[in-house]
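What follows is a pair of complexes built around chain A, which joins chain B in one and chain C in the other.
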Partner chain A sequence: MADDVLLEVNQLKTYFYMGGNVAKAVDGVDFTIKKGKTLAIVGESGSGKSMTSLSIMQLVPGPTGKIVDGAVKLSGKDLLKLSDKQMEKVRGNEIGMVFQEPMTSLNPVFTVGTQIKEPLMKHRGLSKSQAFQKGVELLKLVGFPRAEDTMKEFPHQLSGGMRQRVMIAIAMSCDPKLLIADEPTTALDVTIQAQILDLMKKVQKEFDSSILLITHDLGVVAEMADDIIVMYGGQVVEQATRRQLLKTPKHPYTVGCWKVCLA
Partner chain B sequence: MTMSQPVKEPNEKKEILRVQNLKKYFPIKGGVLKRTVGHVKAVDDVSLHIFEGETLGIVGESGSGKSTLGRMMMRLLDPTEGQITFNGVDISTIRQSKIRPLRKDMQMIFQDPYASLNPRMSVGEIIEEPMLIQKTGSSKERQENVISLLERVGLQQEARYKYPHEFSGGQRQRIGIARALSTRPKVIIGDEPVSALDVSVQSQVLNLMEDLQNDFQLTYLFIAHDLSVVKHISDRVAVMYLGRLAEVAPKDDLYANPLHPYTQALISAVPTTDIDEKRERIILQGDLPSPANPPSGCPFHTRCPEAHERCTLERPEMTKMGEEHYVACHLYTQS
Partner chain C sequence: MAKYILRRLLIFIPMLFIVTIVVFTLATLAPGDPLTGQQLDPTIDPAALEERREALGLNDPPPVQYINWLSEVATGNLGDSLYFSGRTVQDLIWSRLPNTVYLAVFSLFITLVIGLPLGIYAARKQYTAADYFVTTFGFFGLAVPNFFFALLAVYFFSFQLGWFPAQGTQSSASISGLAEFLDRLHHLILPGLTLGLASVAIYMRYIRSEMLDVLSSDFVRTARAKGMTKGTVVYKHTLRNATIPIITLLGFEFGTLVSGAVVTEAVFNFPGIGQLFLTGIQNRDFPLIMGINLLIGVTILVGNLLADIMYAVVDPRIRYD
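Then we have the complex of A and B:
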C-alpha cells in the first residue's frame, strides 16, 4: 500500500436481506482516499452512496443489513476485522462524521456543550474543564463568536446552518484523519451552503485531514473534490479525477447525469 | 416541447394576477394571557404582477416568506393587509364560500409528494376529487378525464386503481400535477414542486411542466429556493429576502446583470461545475435575521457587503432600473 493512501476500500459488499429477497445496496465497491485529499461519491438516491459510508463506519442498520464481504483499510488496518469495542475507538476518533440532517443528528435534550465535550472526554481523556476549553476553541474555529454562550444552548435554539457547524466541530473534535460528510449541505440554503463548504475547506487545511464527501450535487463536487467516483445501483460506474470527470465523462450514466445538471 | 406554440407578443401581455402591498403578519402569543406580544412579518409589503401565460419564479432562502406569499395568492391564508387581484377581481377579502369556485382557476402543486397525496385514496379518486368538488361533468366524463390526465403526465391509465405508496417520488409528483390540472386551471402555483426529487427526476418533472404550460395555456407561479431550477423554467424571477422583494427582473437580465447585492451573493453562492471559471465568490456572513425582529431600514443591511449608513435607517423602495427590472436597494437611488 502506498504511503499517501489513508483509506482503501476493497470489494465492499453490503446486502440487505428482506424476506427471501437480497437487496445489494453496495455491490463490490473499490476506492482509495489519499491523505489530505477529498474524494466525492456522486449518485442518485438509492445508488448506495450513503450505505458505502455507513459500511465504512460499520453503522449499517441491522439485522437486515450486513457487510458480507470486502475490506476497509484505514492506514493499513482492516476495520472490518475489529471488534465492536475497538471499532468504538475508531468512530468519532479516527473517523469523524457529518450527516445530512442537522435537525436530527444532534440530541435535542443535551446542550451543545455536552455533546461536543463527550467525544473529547471519551476518546482523548480530557477532564470536564479541559473539554470545555477545547469545545469553546472548536466552536470559535467553526465561526461562533459567542462560543461560551453557545456551549450552554440547546440544538433547537440554533439555525440549520449553525447546527451543521456544530456537527462539523464535533466531527473534528478529536482531529480525525478522515471526515465523512454525507450530504452535509443538502438541507441548507445556498448562501449557508457556501459558508459550510468554505468552512470544510478551512478545517481540512487546518487539520490536514481527508474528506469523503457524499452528495448528489455536482456543483458541490466541482467545488470540493479532488477525485470523484460515480455510483449507480450499488456499483462504481466511473472513477476519475475531478478534471477528467467534469470535462470528459466516459460512462453513459455520467454523461446523462452531467447533461441534466448542467442544463 | 411542441413547436406550434403561439408566439408571445410582448405588447399583448395581460396581467392575470396582481398583488399590491400585500402583508402577512403572524401574531406571536406570549405570557399567561396569551396576549399578542409581537408579529412575525412573513410577508411585508410585496407588490407583484404576473402576466398571462408566463412563469414567474420566486426565489429566497427558507424563512423569506415565499411560501406564505404563494399560499395567500391561493387564499389558503388570509392576508393581513393589501390586495390580490385575479383577472381584474379583488379576491383578497371575498368570503370563504366565494373562494371555492375561484380554486377552479387556481390550483397548487405542493412540495412534498409524500404528504400531499391522501394514502387512503386511490390515484383515480385523488385526481377526480377536484372535479367532484367543482361539480364538473358526469361520472363517465370525469373517469375519461382522469385517464387522459394520467396519460398526459406520463403514467399508465391502470395507475388509477393503485394507491400513492406504490409510486416513486417523481411519479407521485406527476399525480399531484394531474390533480392540479383536473379542473383546467388558468394559474398553477407550484410551491417547490421539484425540490424533494432527485436531479434526474427533477428535470423530467420540469420538462413535463413546461410541455403542459404550452398545451393548457397555463400561468405558473413557481416558488423555489434553488436558483438553477428557477433559471430553467421562469420568464421572470422575483428574489425575496425576509418577507420583502429584493429584485424582480426578466430571467436573462437577472442572471446576467444582478443588481441587488443579495441577488449577486445568491448567484455567486451556487457552486459551479465549470472548474476553469475564475470568479470572486461572495460569501455572506451570518444567518437570515429573525422575521419577528427584522433589522431596521433595509432588511439585508446586516449581511450586505455594500451596506452604508443610509441602509440602516431608511427602507429602500422598488426602483425601476430597466425594462421590467426592479430593485430595492439604496445603491441605485439618489438621496
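Then we have the complex of A and C:
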C-alpha cells in the first residue's frame, strides 16, 4: 500500500437478510482515501452510500444487516478483523462521524457538554475538568462564541445548524485521521449548508484529516471533493478525480446524473 | 421548576373538590342507604328506623348532606363506621394503612427488580430464544388471574412445602425489633410476590418496546460512533430516554397499590385497606366506603403529581413554565 493512503476498502460486501431474501446493500465496493484528501461518494437514495460508511464504522443496523466479506484497512490495519472492544477504540478516536440528521443525532436528555466530554474522557483519558476545557476549545473552533454557556445547554435549545456544528466538534474531538460525513448538509437550509461546508474545510486543515463525504448533492461535491466515486445498486460504477468526473464523465449513469443536475 | 410544582399543587385543590363530589355522588346514587338491610329484620320497628334516618341526616337533600360531610372531612373527620360500631373511619384506615403500604412497597419492589432487567435484557437480545422466552413468560403473567396465582401460591408454598405462612401479617404480637421486621417480611412474601409478579409482565413489555424504540434512534448511533461501550450506550444513553412511559405507569400504579390489592388481600386474609374496603361494601358501610374512595382518589392525584415532576427531572425538554 502506498504511503499516502489512509483508508483502503477492498471488495466490501454488506448484505441484509430479510425473510429469506438477501438485499445486497453494498456489493463489492473498492476505493481508497489519501491522507488529507476528501473523497466524495455520490449516488441516489438506496445506492449503498450510507451503508458503505456505516460498514466502515461497523455500525450496520443489526440483526438483519451483516458485513459478509471484504477488508477495511485504516493505515494498514484491517478493521473488520478487530474485536468489538478494539473497534470501540477506533470509533470516535481514529474515525469521527457526522450524520445527516442534526435534529435527532444528539441525545435530548444530556447537555452538549456531557456529550462532547464523553469521547475525550474515554479515548484521551482526560479528567472531567480537562475535558470541559477541551470541549470549550472545540466549540469555539466550530463557531460558538459563548462556548462555556453552550456546554451547559441541551440540544433542544440549539438550532439545526448549531447542532451540526456540535456534531462536527464531537466528531473532531479526538483528532481523528478520518472524518466520515454522511450527508452532513442535506437537512440544513442553503446558507447554513455553506457555513457547515466551510467549517468542514477549516477543521480538515486544522487537524490535517481526510474526509469521506457522502452526498447526493453535486454542488457540494464540486465544492469539496478531491476524488469522487459514483455508486449505483451497491456497486461503484465510476471512480475519478473531481476534474475528470465533472469534465468527462464516462459511465452512462454518471452522464445521466450530470444532465439532471444541470437541467 | 419550583414555580411549576407550586402551580401543580394549586391545580390539585379543585381536583380534590371534584374527587369529593364524585365520591359523594356515587355513594348517594347507589340503591338503598345504610339502614336498608335492617328493614328486612322483623324485630326492628320501621318507625325507629325512620327516626334513626332523621337523626343521621339521611333524609336531608343530597347537597345538604354533601356540605355536612365535606365540612367534617375538612377537619379530618371521615365519620363513624356503621359496621365497626364505635370506631371512626379515619381510625380504621390508619390501623390498616401501614399493612397495605408495606405490601405495596414490597410488591412494587418485586415488580421493578424483576420487570425492568428482564425487559432490558429482552430488548438487548431481540429475536433470540431468550427474548421469546421472556416475552412468552410475560403473556403468561398477564393471562393468569391474580386470585388463581394466589391460590396456587398458598397451596404449594404454604400447605405443601410450609415455607411461608398462608395468611395474616404477623405470627405473634409479642415480638419486636428485627425479629418483628423479619416476621412481617416473611408474611409479606407470598402476597407481595402475587401482587408484584402480576405487574412484572406489564413493566417488562413496556420497557422492552421502549428500549427497542430508543436503541434504533439516531442519537444511540451517535453514541456508538463516539466509541462508547455497549454498557454506556444501553444504560446511559438509552435507558434514561426509555424510562418516561415507566414513570407514567408508576404514577397510575401509585394509586392502585393502595386499593388494587382487594383480591390478593382477601385470598391471604391480609388485614389491609383492600380487605377493609370489601367489608365496607358488603355491609353497606357508606362512611367507610366514601373514606376509602377519597383516600384512593387522593393517592392517584399525588401519584400523577409525582409523575409530572419526575418527567421534568428525567427529560429536560419538559418544562412547564
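We take it that the second predicted complex is superposed on the first by the 263 of 263 C-alpha atoms of A that agree within 3 Å, B and C clash if a C-alpha of one lies under 4 Å from a C-alpha of the other, contacts with A are read in each partner's own complex, and residues count from 1 in each chain.
Note that in this section contacts are C-beta pairs under 8 Å (C-beta built on N, C-alpha and C of every residue); 3 or more make two chains touch, one makes a residue touch a chain.
Note that the structure is predicted; figures quoted are calculated from it, not measured.
**Q** Identify whether chain B and chain C fit side by side or clash on chain A in the overlaid structures.
**A** With chain A aligned, chain B clears chain C, so fit.
**Q** Given the touch rule stated above, what does A:Phe99 touch, chain B (first), chain C (second), both, or neither?
**A** In the superposed model, A:Phe99 contacts chain C only, not chain B.
**Q** With the two complexes superposed on chain A, say which partner A:Val90 touches: chain B (first), chain C (second), both, or neither.
**A** The answer is second: A:Val90 touches chain C but not chain B.
**Q** Pick one for A:Glu118: touches chain B only (first), chain C only (second), both, or neither.
**A** A:Glu118 contacts chain C only, not chain B.
**Q** Tell me which partner A:Asp217 touches in the superposition: chain B (first), chain C (second), both or neither.
**A** After superposition on chain A, A:Asp217 lies in contact with chain B alone.
**Q** Taking the superposition as given, does A:Ser159 touch the first partner, chain B, the second, chain C, both, or neither?
**A** First partner only.
**Q** Which of the two partners, first being chain B and second being chain C, lies in contact with A:Leu246: first, second, both, or neither?
**A** First partner only, chain B.
**Q** Kindly classify A:Asp189 by the partners it touches after superposition: chain B alone (first), chain C alone (second), both, or neither?
**A** First partner only, chain B.
**Q** So if I put the vertex at the Cα centre of chain A, how wide is the angle out to the Cα centres of chain B and chain C? Nearest 10 degrees is fine.
**A** Given the fit on chain A C-alpha atoms, the answer is 80 degrees.
**Q** Is A:Cys257 in contact with chain B, with chain C, with both, or with neither (first, second, both, neither)?
**A** first
**Q** How far apart, in whole Å, are the nearest Cα atoms of chain B and chain C in the superposition?
**A** Chain B and chain C, overlaid via chain A, are at closest 6 Å apart by C-alpha.
**Q** Considering only the defined contacts, which chain A positions touch chain C in the complex?
**A** 57, 59, 61, 63, 84, 88-93, 96-97, 99, 101, 104-110, 118-119, 122-123, 154, 156, 167, 170-171
**Q** Inside the complex, what are the residues of chain A that reach chain B?
**A** Counting only chain A, the residues touching chain B are 44-45, 159-162, 189-195, 197-198, 216-223, 242-243, 246-247, 256-258, 260-263.
**Q** Which residues, counting only chain C, touch chain A once they are in their complex?
**A** By the definition above, chain C touches chain A via 126-127, 216-219, 221-230, 232, 237, 240-241, 314-317.
**Q** In the complex formed with chain A, which residues of chain B make contact?
**A** 61-62, 198-200, 202-203, 225-227, 232, 265-266, 268-275, 281, 283-285, 287-288
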